[in-house]
């Protein structure tokens, strides 16, 4: 019987004078933070601040590496050789590890961002490249991977600790991929609907597509967002519903993966 | 009696399609490489390549962090708070450590680049900020510091291993600082003059200013450059002269500092 | 008898996914917009959007060029040769002109941003470099310059139309420069105080320092800010007070300068 | 009977301390320069230098805009909406116009760079977006377009002056597109072969694919490259062969297009 789950969110996505997202709110909801590492967003100051705040709240810290595309916020696909992705991911993980060392924090997981995440979910070569970077830098780092994706398989193949992730506020297709944001309703904004759905997901360890197809899968972590007011409300409601269902919300490091 | 010395040079300062410097030549001359970390120059691909080449040649690898100013190649002074410098330096060291881990190499020293180097040579707060970043990331990293500078003092104060550096191809002022490049002759281009001078520097452990003032100092490492054809010739001649004087050229890690 | 004045504000300072400032609010208050040009902030999308919005509101458009330092938002001093500043300014003006052409708008003034503004206010060489860039690109562009600054003098010397600017929400020193933000009270947050002060400034064509020193000067334009809630309130109150004093608020192009 | 042709090359692709290509050599060969505009390469200093040099040699100047991807040198495909491409192209043209104004030069053509060029050759929406940007900024600017491409058609549709381009050192497929660089021999390195081929191309106004298919087309300009030693030799030989065949080599502005 599943009685605990991790909640993660992307954070530290400001840059210089710019701020974005709702880190302060998210830190009261999630138990693991995916910290941008300076390529699609983030800079050393922002990274240090969010890592320090995460530490204060007992939130575990992971690297959230993305494409080197600040203008596109890492959401635009860029063709890179797997070896180039490998170096790029290692670079970003190492950068966050060092900033975290300054703050007395240990980086414990890695989750790819944006277009890189979406590409590596389907592309075994990219998924392996990310995995090799993780393994070389620290083989105890948890590879936070979309449940059922090429990243999950790559992590397993490399013998890395893998956490399977599902999304609180996104619909799924029958093949287990996220419904494109271009399709109306792909992003769930109704807190009640999201909450009921997420409790069932966790208790049944099963993803249900928007067409009703049931896909059994282990789920270790739920991803929430902070981009919009509704996202925060959805996340907060989901957490409350999980707690009401006697599911404990714990850091990724407490999920018994590593 | 001094019978060994380290030779270091800045490397890996390309970016994307751009190449600069003479890494291949320098790797046949020096025993330690200061690798650009992606801020003033360098990118994950370049970093991985130079670290791999350094490993093949038995050249020890250090981080060469600079200001976030690719356009100015890190040679323009930028005002930053010491805490910001601290995070920025940690970021860059960590990035290189991770890239190096992929290549099976361990980063063993840190040397600041360009304008940041020149500012930290005189400014105790910046020198300490760099030192704190080094210490937090790995207290065994050698702080490669201009002999007599605020960086040397900061490294000592923090209990870090410190390597004192002198320059093969630069004149000195009476206060121990480098003569400004704006003054004619500040950069030594005569291989014979440089070679004789550098052998005396190492054997006497003494820097002599351009006005003839003698400044005794421990010298662990000599910095050479690869920007121009003359620089490579000067570096090669200096190495040959040192070897002719029975001085062994060793990696920084073999200098008995750490 | 002065019966009209221009109100200007910096706008379009977002970048990619990032937004900053209060463009929508400012566009209801000011009559001229200084549009960031992609170096310290801004990108082609943001520029096109703000220029289009300015056009809809009858707000005249100017270039707001700054240092190539997105991380520092153009607020950090960077040493550049005057010729380099000249090219950099021309580049940014031209970029905005072309974006504006797409939107059917004509760029009519130029105002330097941040650290570059502060440096050029005191440094005749930089002020002339900015002026030469303006003149070469379009000698009818208005050089919007801090009243009494080196920029005002450079504009006059080059025969450019010059608009003298004063600040609605900043205190002044006895030498006519802005009081440093580091000094408490340097930024005026009291709408009533700012309003009364600004009406007197305009009617008397006189700046009064924080020590009470009166400095007569022609004032063509008042700069307001949108960074904080108080800044918007101060700007709105200042506009209302000016209108109550029968001063018309007009675009820079209507000030009879060019 | 064709008795004149234009030769163009990409130039000014350095950045800060970085140099690349062979501008000095190319300026003795070509009659039109495509100048990088600061996104995939180039900066205000580099742009000013190359425009000044082009002026001295009587070489006409065009904008060579690319994706905002210095790391990838504009060679990586990035998904952008046509409107975004439109603003981005306008921005870069305007920037070069202003730099050119400082140097007393008029920009007279536009040629897209790298991945953007390749995408717009096939994609009518992108080709039109580039065309609209050109038209809004200056409808007399020549749209330099791959012969037979979507760019050629877009230019015609918009009523812009269009110059049809063929490549001196690249093989063609039967559909008129360039043979991918991944296919051996796609880049022609044999000066004699290239020279004979190019003379026939110009005199017959016909492109011949690598499989021998003949495709009649108007050819106004030939593109040469400067990336490698062989490229310069090929370009030089092609020019000599054309001159030997009584074909005059003229700036794009002298081709009777505009």
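Per-chain residue numbering starts at 1, and chain names A, B, C and D are given in the order in which the chains are listed.
Please note the rule applied: a residue touches a chain if its C-beta (ideal position, glycine included) is under 8 Å from a C-beta of that chain, and two chains touch if they have at least 3 such contacts.
What you are looking at is a predicted structure, and each value in this text was computed from that prediction instead of being measured.
Chemist: What is the minimum number of touch steps required to go from chain A to chain C?
Modeler: Graph distance in the chain contact network comes out at 1.
Chemist: Which chains contact both chain A and chain D?
Modeler: Where chain A and chain D share a partner, that partner set is B, C.
Chemist: If you tally contacting C-beta pairs, which pair wins, B-D or A-B?
Modeler: Per the contact counts, A-B leads.
Chemist: Any idea if chain B and chain C meet via the same residues, over half in common, or different ones?
Modeler: Same: when the shared numbers are divided by all numbers used, the fraction is over half.
Chemist: Averaging over Cα atoms per chain, report the distance between chain A and chain B in Å.
Modeler: The answer is 39 Å.
Chemist: What's the distance between the Cα centroids of chain B and chain D, rounded to whole Å?
Modeler: Each chain's C-alpha centroid was found; their separation is 42 Å.
Chemist: Can you tell me which residues of chain B touch two or more of the remaining chains?
Modeler: 71-72
Chemist: Within their complex, state which residues of chain C touch chain B.
Modeler: Residues 68-69, 71-72, 76-80.
Chemist: If you look only at chain D, which of its residues touch chain B in the complex?
Modeler: 14-20, 41, 43, 70-73, 75
Chemist: In their shared complex, at which residues does chain C touch chain D?
Modeler: 38, 44-45, 47-48, 84, 86-88, 90-99, 101-102, 132-133, 136-137
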